[in-house]
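Here come two complexes built around chain A, the first alongside chain B, the second alongside chain C.
Now for the complex of A and B:
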């Protein structure tokens, strides 16, 4: 215990991040079914509104959809929505599930006794989650496009990639806030289920947020994934940026990029400190 | 006290036998149900979140449907198809998570092995999970029906008695499927969550809960015909919609009723049998506490 001091050097912290990421990648490599599920689920999610649309509008589905959204390519529209949703949902899911799992198995409190910064362990989990979900979303989009018969290489692919990469950090900042909520309320499964549908609703997974009532539209526009999704759709399908040009929409995402991670860090550390002082982290 | 204990010593571990008979089963079942309901009450956020979730699901699918509908041409049949399919879907989804994932949760928390060391009837523990389902999901499905009816502008509602019969048989079959899934959970452990996720999505597509079967490509429709739950979905919504033209889609209602009845009567027995075998295997191999 004499040498039990906290590790603070950048090299040591990076080592914690990489060790945490590596451990999780190693674990997930043992569960190949989960990796397949990551790819299949977005395709299935996109298929439901596509089939519903075909059953409702028949041959006119593309025409009606274009009048509502600005593109007749409803298959790619839904696939983009569900693929970006996978990235966003995974970030929340992985952070919340990590905390909840460690709480239930009784290792969270033990982890907090180690001489490392918790945020660096969380950063390792976030890095793992980014790698896993982004790769799955890409594979899912390309595989889904091929299965459902649309061209995955249309539009400005690089621009779409930029929107995704810039949007990742704000998303993980928000995931950290969600992690704090799970730490406090403990009911991870219920919160994750609710969050998944709330995220789908706010980011417009199957529809443009312009059709939402004013209050919900305001909430949706304050939600970084909405800008991510619309940016990718505009780059690939030309549905139109919120501010008309790509750089203004991207600038908004940059603002989120600075605010969301800081807010996430601040809220998470506050909740964590309060819990350690009060009931502790071992309860579930 | 000491003399009493000397005269009637408690049974040793090897002398202990499981509590048997109807009275013991009812008593264990009531105790297990009470425990489930107390646990449910300890997580109020979960309760509220489930209700909020229904509103969001309804909103998302309604808005997705709007993207393909022309003003003034809303089809009542499509509303019925989506709503009644959705109700059966939430029961299946909750069964997979409540029965299968619950067993897993007890494994992770370390209470499953202790529960199995007690002389209480093991079926009571499994059956008590259904109480959760029947109370919470039933309320949820009734609310979702009301919300959807309001959001989509009315729902067709015909043949309530026949609809109720199909619903009860379907629930019985779904619970049996849940028992079998719990058995699988004991074997495959962590993979069960992934499988539950995949099964949910597979059912959404193959059992056509959110669209008519006619929207499926022919090869997928052939797979749908091999799944009894598809006939339940088809029969349930066709009946409540008053058998509009083209419904039921997979077979005549008489044939579908036979399939649904067999599904409802046979699946719980098969599911329970599978569970008993898996439980026995887990106890013999000592893997009840492994995760």
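Now for the complex of A and C:
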């Protein structure tokens, strides 16, 4: 009887990742309004500081902005900030929502009764989130650029994409830690709201982190999305990498890439075991 | 052959907080299971009976690896529930939360194929197995509709089907006929019998005693986390062989019950309310000698007797004798 239920191969687990991604894509395809809001929200978010800038500085807005940030193109700067913020915020939201929603509907217990490691299901959710948020951020950036009258094809688009993709993996590691907190506290909305403010502040969604006070600047630089946002802005607008060259900034993201997912996995499995030891996942 | 389920001295304590107003709370330990031991034999339908809060679901959650026990050990199909959780999960099909546990925005087919993937079936096998299950539970007409459009009973059927997707040798079914209408419940029981005849071992919890009596070969009765009785249905009935059961319908007060409980030869007397009637169930040693005394005691206490029904011992009577209440009464309190 023992031989029939062996531990499964990497290929079998990757198949689970794809099935989980597909299942979530199927589900979101039944909420079409959500996809539209994914595109519209970053444009609206960027429009507010852009219009504020125009209202306060008028024609000189670009010049004043360039003196502080290294680019006069404040419209694209804001659009990049809001688009990258949407990707980062979505990754936290999708992981937290995945756990919270499934806890409430009872599907989380159903998932835990299957022989698939949760990390593979989480990876499927992360891949879904990556596809959905990256695609909608790009559409949003291009649409916003056209609406607000800037050229979306300036700079190195491919390099920007590399910074997004390499930067996203540590973000999912952090999201898993965040997910563990949601699992433990059985609360998502308040935590996500708090996280969104914190993320937008630390990653410099509308401003360069150089203008932050020293303590917060230190915190911001210990946060992968800050490097991701600056990498994308440097690739597209030439605002300047933190270490002067792209590969050094990318190397920092690679360090995050190894640390954050491992920390996420460790903390998540610890919380999971603690829950199985006490109340279980059925209480929400 | 190893028994598919082996449970040895399993206990479970929950650490909870007892809330006192807004800011205060006191830590409290709740003993959900205490020293439970039994085996389930290959190819049997094993009934797990107990009132709400008895510990049935906690036990099932331990057996399906959702919870870790505080003490003791358990093996499922030869795998240790704590040390080999993935092997345990792969070798069990479980229906635990009824219609919960399904993705309502997906269709039945999409649900089944997704859970097939989580049991590591290949894409082709997922499709084949999903088709088989859809046919087996008879939901061909609904299979490509979103689950949110289903009735409660249809969702229950699908939840049952989900437990079959990995074609496991052991099925754990928690109240599978709950919310099903009579024909659908009967249809589902027929499928359970067929699966059992094909060799599957089944753990079945239900609050419908006749269902347990007709379906299960052996039964365990759990209450307050303790195993009160274990054996085949005939064995459990035989354990009350010396006893006889009398049921009295009418207008019967608590005072009347108290006076009956004081009568000699009474082993157990319970008063329940079934379909707006008071039903007094009395287990005695000798019904013939006891009956005149019973009638007198009830009359003195002001009870109005409508019907006296002497009966053979049923599983329900065994349950009442062991727990002091009927399962139907307990379920009605939900």
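By definition in this document, the second predicted complex is superposed on the first by the 277 of 284 C-alpha atoms of A that agree within 3 Å, B and C clash if a C-alpha of one lies under 4 Å from a C-alpha of the other, contacts with A are read in each partner's own complex, and residues count from 1 in each chain.
Methods note: a contact is a pair of C-beta atoms (placed from the backbone, for glycine too) under 8 Å apart; a residue touches a chain by one contact, two chains touch by 3 or more.
Bear in mind the structure is a predicted one, so any value in this text is a computation, not a measurement.
Trainee: Return fit or clash for chain B versus chain C, each positioned on chain A through the superposition.
Mentor: fit
Trainee: Look at A:16 in the shared chain and tell me whether it touches chain B only, chain C only, both, or neither; answer first, second, both or neither.
Mentor: A:16: touches chain C, not chain B.
Trainee: A:277 contacts which: chain B (first), chain C (second), both, neither?
Mentor: second
Trainee: A:185 contacts which: chain B (first), chain C (second), both, neither?
Mentor: first
Trainee: Quick check for you: in the superposed arrangement, does A:206 touch first (chain B), second (chain C), both or neither?
Mentor: Only chain B; A:206 stays clear of chain C.
Trainee: Considering only touches as defined above, state whether A:146 meets chain B (first), chain C (second), both or neither.
Mentor: neither
Trainee: Looking at A:245, would you say it contacts chain B, chain C, both, or neither? Reply first, second, both or neither.
Mentor: neither
Trainee: Looking at A:262, would you say it contacts chain B, chain C, both, or neither? Reply first, second, both or neither.
Mentor: Touch status of A:262: no partner.
Trainee: On the A-aligned overlay, A:105 touches which partner chain: chain B = first, chain C = second, or both, or neither?
Mentor: After superposition on chain A, A:105 lies in contact with both partners, chain B and chain C.
Trainee: Tell me the contact category for A:25 with respect to chain B and chain C: first, second, both or neither.
Mentor: In the superposed model, A:25 contacts neither chain B nor chain C.
Trainee: Between chain B and chain C, once the two complexes are placed on the common chain, what is the minimum CA to CA distance in Å?
Mentor: The answer for the closest chain B-chain C C-alpha pair is 5 Å.
Trainee: If I apply the document's touch criterion, which positions on chain A are contacted by chain B in one structure and by chain C in the other?
Mentor: After superposing on chain A, chain A residues 31, 105 contact both chain B and chain C.
Trainee: In the complex of these two chains, what residues of chain A are touching chain B?
Mentor: 31, 33-34, 36-37, 40-41, 44-45, 47-49, 51-57, 60-61, 64-65, 68-69, 74, 101, 104-105, 185-187, 189-191, 193-194, 197-198, 200-201, 205-207, 211, 284
Trainee: Quick one: which bits of chain B touch chain A in the complex? Just the residue numbers, please.
Mentor: Those in contact with chain A are residues 43, 45-47, 49-50, 52-53, 56-57, 59-61, 63-70, 75, 78, 81-82, 97, 101, 105, 108-109, 190-191, 194-195, 197-198, 201-202, 204-205, 208, 210-212, 214-216.
Trainee: Please output the residues of chain A touching chain C within their complex, sorted ascending.
Mentor: Answer in residue numbers: 1-2, 4-8, 12, 15-16, 19-20, 23, 26-27, 30-31, 105-107, 109-117, 121, 273, 276-282.
Trainee: Contact residues on chain C for chain A in the complex?
Mentor: My answer: residues 2, 14-16, 61, 64-68, 77-79, 86-87, 89-92, 94, 96-97, 100-106, 110, 113-115, 117-120, 122-123, 146, 162, 169.
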